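Across the two complexes that follow, subunit A remains constant while its partner is subunit B and subsequently subunit C.
Right after this comes the complex of A and B.
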């Protein structure tokens, strides 16, 4: 079972016809039940790759396949349904500044037809696990950078996604919290999810908890031993 | 020529439908000849996005066409009778419009049938992510678009022909048109009660057939679906005649006034909207059932979705048939209870 890029090419249309694609005809697979680390210099396309895997962007050519199904080519309605199985933590976080921490985490549970009390219960547990229980009702903008990042991780993980995509998830974390987040990601992968982390963080690069590593540079994907 | 706001609203709806429809047609003409679902290259991905957008545009065209058609019926039956001197119902207005009035009704009805078939295919197609019916949908859409253009052109001719200073002879038109059919039906022995009896029994049989097909949607395959569709369209024409010659006298309480447009008058509780609306629903849903039956037979992956749509359409056909029967029979039974005798 893999989340795979098949012959995937991505070029930004805004960059003009002669611009070099970010990556060209990439074939790479991310296994379910495993954690994969994607590294690479700034601007190499790591975030774009995660957005493509999440179905937020459509490739210029090629496909993203979830267990063989070409999800990136599905019409919007079906892709939106599929995306409910995906949790993503953005590099820019995209928390809703007017809402409380609890409300922010509840966002990703709302389309799931769950009982309100069950949703609140799940969100509160996730927030507690991420050491943010004291800020449950606080407006999210008063949290520190690291706390906001953990809030974004909580929002990505609260619905137990099949596919978890994390863009620089430990960039603002101290060592203890970074380790705690890694424990959570490992647990998620052990539960059968496909976890893809893109990061520059030296602590993650040196971690032995990833099952696979890729390096993305100049549009070329290389598996790192 | 009339410049009534309702006539202009129909024009606006038509122009908007044209603009959206022509852009969708352009996309389809570019995408369909090179359609290659197995390829995942850039041109094919662009074609897929193009067809996805064309589907949304098609929905707008259908909505605008349906809206224009409803406005046209409302205008003919209710509004423009006040503008055309001598017109008491839609018959007089259509007389003032010349041939264009009837032609625009026919072209618009045909366009709605085709677009409804397209919408049915789109609904079934949307149940599976890989869009297997896009080429078929594209062809159906391209088939419907010329009909909308013809509907608009004939509409232009129709409103250009209206002269608010020239009186029409509304009832004379009805009697002149009806004289031949009445005598021929009388010669062949078809009286008012025969129209009513055959229409009611036939419509109830249609409802029963619909309920039976709900249980076994694949029975008879696609050809039976097309046969039922043809039969229903023929049956709708028969019902129209039955309304004029059988139910009309009871509704109007006049022995011979075979006018289909008088059903829409407030004196008759505007029952025409219910009667003709039910007939239109039967025709549209039977079209949907025909399309669904063909898809269920030809496409194994979409068979379940097509069967679901077929079942839903048959339930609506049965419900509309019952509504039609009840609405048509109430004046008949009311007359019988009031006067203790049948009219014919």
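Right after this comes the complex of A and C.
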């Protein structure tokens, strides 16, 4: 069972016809039940890869396949439904200012046809696990960078996604919190999810908890032993 | 999706941009109030006027000559009418306009005859007495009501006519027929005009043609049906002009559309983010509409309440006068008419608002999530 890029090419339309594609005819697979680390220099396309895997962008050509199903070719309505199985933590976090921490985490649960009390309970438990219980009702913009990052992780994981995509999830964390986050990602993978982490963080590069590693540079994916 | 979480989320979302929500509320309630006021008033004026006409005679006959109106001899007039089949309860009236000081008032002359009574149980005045409408100034203490027509006549005031008398004019003075004749220059046996009823209103036009040749002098005949038609046209024209004349309402509408546009534009990154979090286009459209309804319904209700207050708040008569030149009795609105006006106001204001909300939401949710997040949506 894999989440795979098949012959995937991505070029930004606004970069012009002569611009080099970000990556060209890439074939790479990410296994379910495993954690995969993607590294690479800044601007190499790691974030764009995660956005493509999450169905937030359409590739220029090629396909993203979830267990063989060409999800990137699906019409918007079908991709919307499929995306409910995906949890994503953006590098820029994109928390909603003006809403509380609890509301930001609840945002992922609203469309999932749950009772309101069950949603609130689930969100509160996730926030507590991530050591943010004291800030439950606080406006998210007053949290520190590290706290905001954990809030974004909570929002991505609260609905127990089948596919978890994390862009620099430990960049603003101290060692203890980085380790705590890694524990959660491992638990998620152990539960059968496909976890893909993109990071520069040396602590993650040196971690032995990833099942697979890829390096992305100049549009080329290389498996790292 | 459960409606409770959607409502809760919509409320939170509105709370993030309270100024925009308030702006939208004010614009929508103002437009609703202005449009509903015109619609409600139009219906109320037509209904009230119809009620007055229902109590008026089916046909009015006036004698006319080269100089206009002329006194009508009672005996030959009644004789002429009784010769026409279909004329019911013909009777003559003594009335006209005279001066009370420097103010014009309408006088109606009555006399005590078998079977005649004034509304509200008031006594028929004897010679030298008068009853005053609510708009006629009460004379100073110890002085009578001085009226000036062909002659000057001073009358003792017996009291006020009751509001419930449903008189069409409030500047009315009811006095004895002899006093009225003196004021109007009528001789005994003469009247101002003649009125009659018919079995069916539809018969009035054909009866009018027949009657026009039955009198020994030229007459002008006005039927209730003709008056009703003429005033219905008049009120419809005033109502349409009122709707078009509300430039502030149109400005508010422009504001409303601008607010919706701003809302849609500013909401796009959020929409993209929510799609990334698992919201479908349908969910987002429902959110957009729920948000619109949460602002729109209270605004619509407030607008209707405002319109009601402006139209029917006791003593508030400036709007009926401004829009429909109405200075008659207190306006009345039937439940049926109220529901009809509200439904029409909904069709004119609320439905377009919902359609605009749906359209702006639909435009937004079409784009790919990342395009919306990065502000490159459609």
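The working rule: the second predicted complex is superposed on the first by the 225 of 225 C-alpha atoms of A that agree within 3 Å, B and C clash if a C-alpha of one lies under 4 Å from a C-alpha of the other, contacts with A are read in each partner's own complex, and residues count from 1 in each chain.
The rule is simple: a contact is a pair of C-beta atoms (placed from the backbone, for glycine too) under 8 Å apart; a residue touches a chain by one contact, two chains touch by 3 or more.
Computed from a predicted structure; not experimentally measured.
Trainee: When the two structures are laid over each other on subunit A, do subunit B and subunit C clash or fit?
Mentor: fit
Trainee: For A:63, decide between first (touching subunit B), second (touching subunit C), both and neither.
Mentor: In the superposed model, A:63 contacts subunit B only, not subunit C.
Trainee: Check the contacts made with subunit A and report whether subunit B or subunit C touches more of its residues.
Mentor: Partner touching more subunit A residues in the overlay: C.
Trainee: Using the superposed model, determine the angle subunit B, subunit A, subunit C defined by their C-alpha centres, to the nearest 10 degrees.
Mentor: 40
Trainee: Applying the touch criterion given at the start, work out whether A:54 contacts subunit B, subunit C, both or neither, answering first, second, both or neither.
Mentor: second
Trainee: Touch check for A:125: first (subunit B), second (subunit C), both, or neither?
Mentor: neither
Trainee: Which partner does A:203 reach: the first (subunit B), the second (subunit C), both, or neither?
Mentor: neither
Trainee: Have a look at where A:73 lands relative to subunit B and subunit C in the superposition and call it first, second, both or neither.
Mentor: First partner only, subunit B.
Trainee: Quick check: superposed on A, how many Å separate the nearest Cα atoms of subunit B and subunit C?
Mentor: Value for subunit B versus subunit C, nearest C-alpha atoms: 9 Å.
Trainee: Let me check the overlay on chain A: which residues of subunit A are in contact with subunit B and also with subunit C?
Mentor: 58, 76-77
Trainee: Quick one: in the complex, what on subunit C touches subunit A?
Mentor: For subunit C paired with subunit A, touching residues are 1-2, 4-6, 8-9, 12, 15-17, 269-270, 272-283, 366, 368-370, 373.
Trainee: Under the touch definition given earlier, write down the residues of subunit A that touch subunit B in their complex.
Mentor: Going by the criterion above, the answer is residues 6-7, 9, 58-63, 69-71, 73-79.
Trainee: Enumerate the contact residues on subunit B facing subunit A in the complex.
Mentor: Its residues touching subunit A are 40-42, 45, 48-49, 52, 55, 126, 129-131.
Trainee: Name, in rising order, each residue of subunit A that touches subunit C in their complex.
Mentor: 51, 54-58, 76-77, 80-81, 83-84, 86, 88, 90, 94, 96-99, 103, 106-116, 119, 155, 159
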